[in-house]
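Read through the structure below, which is laid out as structure tokens, and then see the notes.
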Amino acid sequence: MSERQNVLIIGGGIIGHSISYYLNKSGVSAMVIDKQESGRKATRAAAGMLGVHSENAQANVFYKFCERSRELYQSLSQELFRLTSINIGLSRTGMIEVALCEEEKNKLRDKKAFFPELEWLEGEKLSEKIPSLNGSGAVGLHMEKDGHVEPTHVCEAFKRAALHFGGKLIEDHSVWGIEKNEQGYSIQLGNETLLVDRVVVAAGAESGPWFEATGLVDPMVPTKGEYISIKPKKNIWDETLFFRDFYIVPKPDGRCVIGATTKPYDRGHFPTAGGLSELLNHVFSVFPTLQSEPLQDCGAGIRPGTKDGFPIIGEHPTMAGLYFATGHYRNGVLLAPATGELMKDLILDKKVDSSITGLLSPNRLVRKGEHSYEHSN
Amino acid sequence: MSERQNVLIIGGGIIGHSISYYLNKSGVSAMVIDKQESGRKATRAAAGMLGVHSENAQANVFYKFCERSRELYQSLSQELFRLTSINIGLSRTGMIEVALCEEEKNKLRDKKAFFPELEWLEGEKLSEKIPSLNGSGAVGLHMEKDGHVEPTHVCEAFKRAALHFGGKLIEDHSVWGIEKNEQGYSIQLGNETLLVDRVVVAAGAESGPWFEATGLVDPMVPTKGEYISIKPKKNIWDETLFFRDFYIVPKPDGRCVIGATTKPYDRGHFPTAGGLSELLNHVFSVFPTLQSEPLQDCGAGIRPGTKDGFPIIGEHPTMAGLYFATGHYRNGVLLAPATGELMKDLILDKKVDSSITGLLSPNRLVRKGEHSYEHSN
Amino acid sequence: MSERQNVLIIGGGIIGHSISYYLNKSGVSAMVIDKQESGRKATRAAAGMLGVHSENAQANVFYKFCERSRELYQSLSQELFRLTSINIGLSRTGMIEVALCEEEKNKLRDKKAFFPELEWLEGEKLSEKIPSLNGSGAVGLHMEKDGHVEPTHVCEAFKRAALHFGGKLIEDHSVWGIEKNEQGYSIQLGNETLLVDRVVVAAGAESGPWFEATGLVDPMVPTKGEYISIKPKKNIWDETLFFRDFYIVPKPDGRCVIGATTKPYDRGHFPTAGGLSELLNHVFSVFPTLQSEPLQDCGAGIRPGTKDGFPIIGEHPTMAGLYFATGHYRNGVLLAPATGELMKDLILDKKVDSSITGLLSPNRLVRKGEHSYEHSN
Amino acid sequence: MSERQNVLIIGGGIIGHSISYYLNKSGVSAMVIDKQESGRKATRAAAGMLGVHSENAQANVFYKFCERSRELYQSLSQELFRLTSINIGLSRTGMIEVALCEEEKNKLRDKKAFFPELEWLEGEKLSEKIPSLNGSGAVGLHMEKDGHVEPTHVCEAFKRAALHFGGKLIEDHSVWGIEKNEQGYSIQLGNETLLVDRVVVAAGAESGPWFEATGLVDPMVPTKGEYISIKPKKNIWDETLFFRDFYIVPKPDGRCVIGATTKPYDRGHFPTAGGLSELLNHVFSVFPTLQSEPLQDCGAGIRPGTKDGFPIIGEHPTMAGLYFATGHYRNGVLLAPATGELMKDLILDKKVDSSITGLLSPNRLVRKGEHSYEHSN
């Protein structure tokens, strides 16, 4: 791709701005368009866990993609601060996945077998780490390299760093249609038309229609998640805790974010009374002492889930120059750096790891019976 | 009391401003002092129910005081709007007290016997009024004259109407001490001193030390109450509903305020995670369909409870010119008009109903063994 | 139109819900769809003035449409309360348009000539009404029947009353395309398709692409307006005041809403520092005493302006069953009732006043030179 | 002081919690009492500048106290994170003091003479650092070691670290009186009485009455300051900028906090419309491009100013065991660590630098004519 080419990225969440950052830094002129304000949807509702191990049961291809992304945060933290004075809140205080019943314990033992470097915690060792835990017999797996970031800070920092490298941003504008022509794509924006070489759809839970409109199967499963946060009067533990029914992320301002419900195909923008009550009942069964702590806030976000559980990252099977980078479900914050880097490499025709691009390619969304792509899955 | 006299009212809640309104309107110059902004404590946390019948089991002296106060709101609504352009949100859509178990039903039957004019609801009659109620066998008592107001609007309107009649207001100042002298009272306010003829303590849950400091028994039981509000997508019922463990007040903007927990001697300014969870669990057991509705906000307030359950309204037994108007527990909004009117009559030496002044007088707080007041209780 | 027919209304602002209310009440099944939560865009940012006279210089056709709408609010206020328990905050405290310089005074004199029933205020008469006005020589025109409502309450009440009459509502869903077929319209909603008989575009400032997509000239001029509100410590005046550069609306909770800047083609969702500063500088030049009052909040909304200054209400010139009800600029709240009533009459083929339907018809948007439609204007 | 002794600290702002942290860490049992929630008054309103050079014109005793405090933040940042997982947001991106007119430039030249290590910026050097500055001829002084912290995070971290070391905290309780007795002090708290060995008054702008009540001259000048924050769409500069009429602090989340007005003896809790307008007019005269940026929030705080401009830190001249640590005006955040350390040393009878304790001692508040202290000023 020549330098005069340019890329339009549809969607100003953490994924879109990460792609814009990597592209503009590499000399490709990229512009992000968002229908409202950047970083206000799933990005804002995310707790920011970098849960490489909580999100993976085995050290497979996808695990390595997650791990790569977590490692990228290490250098990004400094570089983004240097470029933008924004502190992304990277914290590597570790995570502990806790199992309470036999079934969960068996799963955790399997995970320990796959990741022998993780530390097994039980008995006193566990209760020393999490003194207030109400569950004799609980066991835990300590993932000391995992941690969390502040999603809205990361998104704002990517956005500003991209602008620093010459990127562009249009907020408060919807894309009303895209059309392929000889040179690239023509984009209809209210009463203007933009001509660009390439388009990346990074529209999170609202990406579905772009698949339909370009002849693919819509893989999206918009999935509402609700969270609450409390602000304990004193520090209780340092690590992010991960249970089957909820997680707790201690944030750098003293809040603990507790998430999250899972409501497939629910696009509602609001947290429900029942969802929050369900979360609280789960939490109190394990941490009864949290009942006396102040509730701080609550919210909801729509995660961009997919039918097969994997993101869609790559070029459209038949429309050259149209890319997808969506479907990150609850791993959008974790995977933003690796997704941005990968998209930049794909657009610049750099050599990429074919095992991960194969796994995530939109080729798996070609409609059955449309023979030419049938065996490309 | 001559017109040149003036009154200082300590506490800028709904009670303090009501007293100021009635005094200034009658030509007595009254000034309210609040340590922060007016109307931000119990007044702001109140749901605004005018629950004459839900708060009383019999048509006794206190009931009549409540009823008088509710009736005063009728004319106040228009007068305050005329004077201040503030709409106090008076709504007389009625209340229904609902009984679910036998014990509650017996109490409700007793109440019906005392108030034969109230309508008994059961079976279809009840489910027509409250279609979503999940409780076969429930019975209800319909109090059609009761309703609710917007407490912060009432407080703001009293405040502005008092100013209109020449009243004064000092916010953001604490009273550091009061001293009786020959002419009246000397009040220390940071680095100023005020001289006034009379003082009214209307400091809500923070009134306690004023009793102690003037030689009386401290009757106050500060009692935290927590509430949440949800905003159902459609209208479900019109009436305020009153259950043993919670109430629901439909507000004029479409929210339903659900209250309230009861935590004696808890002065905490924040709603706890456990308190809200407890409320939600109560509500969902009766209205399971509310689980899918959006949660709007939550909060907490400290009610000025008292040991014998009645407000303290009247003059200090030994310090002439010092009055109390506090201890309204959860009836501060309901009783604000009648309290203001009564205090005005007491200060102007008007004839008042001795049955109510006897019941509420601070004389009952004289320390035992201090013989002169022993039998005045 | 037979009763089995149904109508889809695109846009859940005050206009869309008013139409839904009038249709459902008349037995036509109507459904509102909004891409996010109802009533959050221009409706939420509106001050709610019912400025029949401030918005019109002469008693012409449009004036009468405005007046009709204001009068409808009178009965709606009670009916909506009865149906939904929501108080729409109708206040008829009057408006005063104030002229400071000669040019403005001349315009005001002309207006007085057209509307002789309005009261002319100058000298003491004016300063009695607005004591704090810093402008000797100012004159005013008193419009005592005008007033204001609470826009979000009106919208919520229309929404719930429509649901009461069997209406439907889908929030958090975007319309991705509409297609005319033999029976009516097919609507693509994410991964579903709806079939409806008729469609009404009531999408406010985002209506533009629907004109383009259906072959018409896009008439929309999205125009950002910013506002602030302050909460004076005491009541200053009762009327809404209307100046050349700003207006002040006293709200029923004691706030004064001060609006509004005018930024054509600015779709930004946020209030700018410069816009608010400009407003404050205008206000303080006339009311210097407001400088010491507390600032409460601020915001911005995008008004659906149009190129010729009039709303677009009526059926598409060539696509039968497709209607527009948009372009109300800053009169959306005022005109919501009359627009709902008119759309209901159009859809039910009732007799309507052709002078107003002629003025507002989308026929004026047919592209010139596309001869087949040239004479349909 | 023996280890069984204990200290009550009145006031839960950043000063009170810092003292509690240093004391508890040293084995002295200290308890903080706050009348509401910790860290909500001046601490919350502070921008968090560590302006050692902007606050001092010469390298004198007070300058060294400021410098010491700034240096303490370096190690505190890590230690507090280790103890509490709270990130205090320490940023050492430097400050630039800018002079626009001749008078300001002369002062800045004097400062440069006193602090030769600071970098002088003019012409291109300055406009490179601050490209958007609208002021030809402006000069600047670059203080590269200064920076800022997040005041509420620092306060919360001190609070939790103190609790970690066994400290105690009572919120939502007012102190109604203190009385000296043989062993120490008896403290009246609503209906309880506490007995403590020593008392520290760290009540910020509300400290005044404690001086009066203990026979000293009240030195306090409560001084309201108002601020606004905007969130520029892109990064403009990294340093904190300091002008005569305002400052701008870039925060780690992308906001720029602009402060602050100065209103002596104004205790109002709210930002005024006029105060914010004044600030904005100052800012726009230097940075006109900021007019188009979004306004984020605004607020007000009451700074604990003093008549001679210096804090009051030290023991009461006649009441042994009663200490003051207040009057930090706008340097409370900067001086919190050094104040905590100094108070700890005073209470533990450690050797302290008598030049600074002499400067800040409450001895200067002895009433004239009360001869025994006359020459101790």
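Couple of notes before you dig in:
Chains here go by letter, A, B, C and D, matching the order in which they are written, and residues are numbered from 1 within each.
As a working rule, a residue touches a chain if its C-beta (ideal position, glycine included) is under 8 Å from a C-beta of that chain, and two chains touch if they have at least 3 such contacts.
These numbers were taken from a predicted model, which means no experiment stands behind them.
Should one ask which of B-C and A-C has more C-beta pairs in contact, the pair is B-C. Here the repeat of A-D among C-D, B-D or B-C is B-C, since over half of its contact pairs match by residue number.
Taking shared numbers over all numbers used, the chain A to chain B interface scores over half, which places it in the same class.
Ranked by distance of CA centroids from chain B, the top chain is A. Chain centres here are Cα means. That of chain A falls 49 Å from that of chain B.
Chain C has its Cα centroid 40 Å from the Cα centroid of chain A. Touching of two or more other chains is recorded for residues 268, 270 of chain A. Residue ranges of chain A in contact with chain B, taken from their complex: 228, 230, 268, 270-277, 280-281, 283-284, 290-295, 298. On chain C, the positions that touch chain B within their shared complex are 83-87, 89, 91, 93, 150, 152-153, 156-157, 160, 163-164, 169, 233-235, 238, 250, 252-254. Taken together, the chain D residues at the contact with chain B in this complex read 36-37, 171-174, 176, 188, 190-191, 206, 208-209, 212-213, 218, 267-270.
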